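Presented sequentially are two complexes of chain A, the first with chain B as partner and the second with chain C.
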Partner chain A sequence: MSTATPAAPAAPASSAPTTQPARRRRGAVGRDRVNWPVTVLLMVGSLAVLVPLFVTVNMSLKTTEQAVDGNAFSLPDPLTLTSFVEAWNLTNFPRGFAISIFITTIAVIGEIVISALAAYAIVRNWDRRAFRWSFFYLLAAMFIPFPVVALPQIQLTGMLGLDNPLGVAILHIAFALAFNTLLFTAFLRTIPLELEESMRMDGAGTWQVFWRLILPLLGPMCATVGIFAFIASWNDFMMPSLIISDPTLQTVPVLQNMFQTQFSNSYNVAFASYLMAMAPAIIVYLFAQRWVMSGLTQGAIK
Partner chain B sequence: MSPSNGPNGLLTRRSLMAGAGGLLATATLPACTSASGPSLLTLHQSKPEAIPHFSELAAEFTSSQDRFAIQHDIATNLSASFVRNSPPDLGCLNYNLEMGRFMQRGALADLSDLPEAAMIREDVAELADWYPTYEGRTSVLPYSVTAASVIYNRRIFEEHGLEVPTTWEEFLTVCETLQSADVTPIYATFLDPWTIAQGLFDYTVGGMIDVRGFYQGMSEIGEDVGPDSEVSFQRTLLEPVQRMLELMPYLNADASNRAYGDGNTAMAQEQAAMYFQGPWAFGEIEKAGADLDLGTFPLPMTEDPADLKVRVNIDLSLWIPEAADEQEGARAFLQFLMRPEVQNPYNDAFLAFGTTKDAPAVTDARISEMQTYYDQGRFYMGASQFIPNSIPAQNYIQSIVGGADAEQVLARMDADWARLAFRE
Partner chain C sequence: MSTTAPSRTTDGDGESHPRSPIVHRRRRIDPLYYLFLFPSLTLFSLAVTLPAVLGFGYSFTNSIGFGDWEFIGLRNYIAMFRDQGVLGSYTFTLGFSLITVILVNILAFALALGLTSKIRFTTALRTIYVIPMVISGIVIAFVFQYLFANTVPGMGQAIGSDALSTSILANPDWAWLSIVIVTAWQSIPATMLIYIAGLVTIPGEVYEAGSIDGATGWQAIRHITLPLVSGFIVINTILGFKNYLNAYDIIVGLTDGGPGVATRSVAMSIFRGFEGGDYAYQMANAMVFFLISIALALLQLRITRGRTAF
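On to the complex of A and B.
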């Protein structure tokens, strides 16, 4: 404590002079001074998010005439919601939105359940060679990006009749399997075997152990995987654009592609459409913020 | 505890299976429903500004007969649909080098027996043959052609007592006059590389050399293209590119950080007298909402006014894939689209030129000056359009206007061309 006092005059002590004594007594580290370098960094960081968001909202409320005048920051005058109407109609938003939700829901649930099952089987049978090698086999898939196998995937899904949203969801699950299994196995190793043994003593089978004990214990990791799965699946452009053959079953990001062309700009309509597409991600984030924060570091430790 | 466990676990499993079954059923359902009624025909058309126009035409055709219903596809990836062997029944797209690949590999059906194929002007139909062809087939019917040249502001020209230049010297004089009157002669947008390639580069090259002959030579020489070959980027294109660089002093000073959208806004605000863009820019300039008097003239690159030419490209073309399920319907719809009362209004609305022998002249004052050149076949296609995407030509050209040594960059383009020819 005493070592901190010489430095105090240099720091802007004026920030909260009245409450200083009380804080000192509590002795919380770094609470009596504003950490300016970090504050500035955080301010820049939040501006990097807020400024584009402001421009997006701002642009979406402008008329076409005002949107192309080259001033992104000027306030909308007159304020209009016609861009939203136009974007809604052009992309047939409700249908695209429903398809996107369909794919994302299957992908999120599928990725959590299938990867957790795979990880559980692998970790509990680590001493058997087949399981160990299957783990390495799954991990090897991390080195194969989708674009490399895009053409065969298009042909395969076409042959199997999976050139539709369901096929995209299945591919999302398959391509994320490697990374998700890695996350789950790392976490599973920290769950003591004794818990499981005591449950088996009471007569539970493997399935019951998994559904009633392991999956609930994997909760934080499920949140992490779920969040990654949601973002990846919701925002994916390439896979649906290549795999889905029926234009009426296309997802929102692919439909929105029509706003980005070489020869024309319709910023207001484009931004209105992006806002509508972003809405679920923002809402999910608002509710899941707590888990996102804890979840992001979850995989980092082990 | 354990008795309740058993049924519970079973239930979960059963409902899981039921859920999966339900999902499969919903996924396969749409395929079944389309079997009854008129057969479904897919039109692939994705030029964004024209989507509402073609949606209307599709609806009109669907209601005009009861055998085919048109599904207007704007979202499916075209290459993927060919790979999957489920291509659209009729394509209505910009025709370029990438589309030419489908033609070259024989993926498009022959349409030469259609009376509509004979309606098209010969020199226009031939434009499709600038790209790779497939022996003995006429598969691509040009639907509309856009002509591009220098867009100029008539009011500014009049204000400074300027006439439309017809020789390179006159053009430089126009630039000088404007500049000495503190008017930016030419507005350029270097931030978007494609604007340099299709404007400055294509106009200067197309005005000086025979683009088609050049690329025929380049394809024949292939992997041997280099400093000593008969034609090469570094030898044949050096002079036009040097002329392009002579124009640099007459561009807006902030060209390197201006994008296409900025250029349109600047032209709408009369910040410059000339703009090297195609008719697609008129719609964008109009959005910025000003009452302008704009016109177009071909960029004169020689001292002979007889050399004047405009740059054209096949804005939309019609084709039917070999693997299309509904050939008959696709042909019927193609014939519907080719009717003069259907085709001409499109060209009128999108500032394009008709492709048929009896197409009416354009009426819009902004592009009507190009009509004579188009009628007399005095046109070329952009040189930048014939370089495969694997060679980043637009970026190379951007680096030239950014100050890189033109000879070196053109030599690198030759090396890239030769490497690509060797690989193929």
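On to the complex of A and C.
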């Protein structure tokens, strides 16, 4: 794990925001010499990422009076944390946070376990038609976007009493099944069968083999699937906003909508609230970026 | 895959003797495996298949989402093709997706080239460039909405530029550009990481051999790098296009489909199906949308297949 500097923009205040420079790698493989022009270009380009984040932090530290002037780059004067308190109370942050955590936890665990179980059964019984066809059936989900089934889904969840956070978590699992099963099957195919057989010799059944051998072997993959499940569930707006019928059970991202409708002039409070909504995912990412990187790599190679 | 049977199964039917001693064609199967498959198949059927079938059925009715309804044949589909609102949403969604996919792939590829070259602060730069991927689309859209509505016009007035002095979000002709910018901001990292994954698989010798033949700089990229990562270009275009077609969160955060209906995506108009009482009508819309998404994915596969050889 690197000691990468997190998002603490060192006052890019007055500089005009980030013209996207046309980057070109000059002198393709520059032996061992550091390519400084590219380094500088990339550093300048990174302002495109850092400036919006800086603005979010900057605005959240202002007073309401200062925030209304529309100047995103003027430094907070006086600097205050009251907007965080206000955002905390307005959005009922603890409740929204708990609901988001609830959905995210179920989605993460469910996506890992259910997809891994399916992938294991499919890979070990690939010679059976039922399992092969199940695999292709699940893969079909990749081609069915949520908007296509959204309206009947709203009705169904309503009828089943799942128009709540639990229903959203279940839908997150269902719509991630295809990709996760694909990842797990690709990885499982590379695990030699001998490991499993020796364990079965010692009297372990399929159930034990899965929990004690396969799932641990899938560890790095589980980490990747888990992190992507976390990011996707934590940040999702579409599903909770459509499925959850009770506004008091909404997730953190959906709650941010209130600063567009009811409290549209309290910019400082809005930005404090945005920051509190972004922070958990950014923090998890900074701690887990190793798996974020490797996960995408593995997903892409197949 | 010729597995030797997990012989320790509990069921005791003795008749499934393997025909050949090496390849066990009909080995006994632990029923537990079916149980392993059960949750995902059930979940998928209830969450995806059933609503898809229901929606398909409803698209031939005049249902408003509840109460009585009757079959009206293809009338919803026919009406769709005369509906300026629906046609407009398709034009917007397809145009937006096309522009975004091109922009994102060019920038992401350039960034991937930069980040895999001999630079300093590699880890810090990679960390920063990936951050947008983990931020909620709607939340960052709200942040950009403030910037587009307040900060950019403020700066436009300061430098005396008429074009920049008004909010781009209120301009029916250019509001789409703000959605392209924010979508690109958020989806460049994932695309870039996939390109990085592709670039690191290219051995350095290839470039050395290339430079002996005089291929350096742009030529090396054009004739060595691009052909070798073409598979990743295919992945990125197809995945990207698929995501952009479903655009919703960022549009809600930036323009909410406005001004007027200038930036209303297909997903948005489908979701509004419950409001206007045109539930069945929007289901027909969803079915057409589904067919178009599939057709585009297949089309892209065909085109890119042909081009992978360069």
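What we mean here is this: the second predicted complex is superposed on the first by the 256 of 302 C-alpha atoms of A that agree within 3 Å, B and C clash if a C-alpha of one lies under 4 Å from a C-alpha of the other, contacts with A are read in each partner's own complex, and residues count from 1 in each chain.
The rule is simple: a residue touches a chain if its C-beta (ideal position, glycine included) is under 8 Å from a C-beta of that chain, and two chains touch if they have at least 3 such contacts.
Keep in mind it's a predicted model, so treat the numbers as computed, not measured.
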{"item": "Fit or clash between chain C and chain B when superposed on chain A", "value": "clash"}
{"item": "Which superposed partner A:277 touches (first chain B, second chain C, both, neither)", "value": "second"}
{"item": "First, second, both or neither for A:131, with chain B first and chain C second", "value": "second"}
{"item": "Which superposed partner A:264 touches (first chain B, second chain C, both, neither)", "value": "first"}
{"item": "Partner chain in contact with A:253 - chain B first, chain C second, else both or neither", "value": "second"}
{"item": "Which of chain B and chain C A:175 touches, first, second, both or neither", "value": "second"}
{"item": "Chain A: partner with more touched residues, chain B or chain C", "value": "C"}
{"item": "Partner chain(s) touched by A:208 [first = chain B, second = chain C, both, neither]", "value": "first"}
{"item": "Which superposed partner A:151 touches (first chain B, second chain C, both, neither)", "value": "both"}
{"item": "Contacts of A:74 with chain B and chain C, given as first, second, both or neither", "value": "neither"}
{"item": "Partner chain in contact with A:190 - chain B first, chain C second, else both or neither", "value": "neither"}
{"item": "Superposition clash, chain B against chain C - the stretch among 60-68, 150-158, 168-176 or 186-194 that is involved", "value": "186-194"}
{"item": "Overlapping contact positions on chain A, where the chain C interface meets the chain B interface", "value": "70, 151, 154-155, 203, 205, 207, 242, 254, 257, 259"}
{"item": "Interface residues, chain A side, partner chain B - complex", "value": "64-65, 68-70, 90, 106, 151, 154-155, 157-158, 161-166, 202-205, 207-208, 211-212, 241-250, 254-255, 257-259, 261-265"}
{"item": "Residues of chain A touching chain C in the complex", "value": "2, 4-7, 16, 20, 22-36, 38-39, 41-43, 45-46, 48-50, 52-53, 55-56, 59, 70-73, 114-115, 117-118, 120-122, 124-128, 131, 134, 137-138, 141, 143-156, 170-171, 173-175, 177, 181, 193, 196-197, 200, 203, 205-207, 210, 231, 234-238, 242, 253-254, 256-257, 259-260, 267, 270-271, 274, 277-278, 281-282, 284-286, 289, 292-293, 296-297, 299-301"}
{"item": "Chain A-touching residues of chain B, taken from the complex the two chains share", "value": "1-2, 5, 9, 12-13, 23-24, 27-28, 30-31, 42, 46, 48-49, 51, 71-77, 80-81, 83-86, 194, 260-262, 264-265, 280-281, 283-284, 287-289"}
{"item": "Chain A partner contacts - residues on chain C that touch it in the complex", "value": "1-4, 6-8, 10, 25, 29-30, 32-34, 36-37, 39-41, 43-44, 46-48, 50-52, 54-55, 58, 65, 107, 110-111, 113-115, 117-121, 123-140, 142-144, 146-147, 150-151, 154-155, 185, 190, 193-194, 196-198, 204, 207-208, 210-211, 216-218, 220-221, 232, 235, 242, 245-246, 248-249, 252-253, 266-267, 270-271, 273-274, 279, 282-283, 286-287, 289-290, 293-294, 297"}
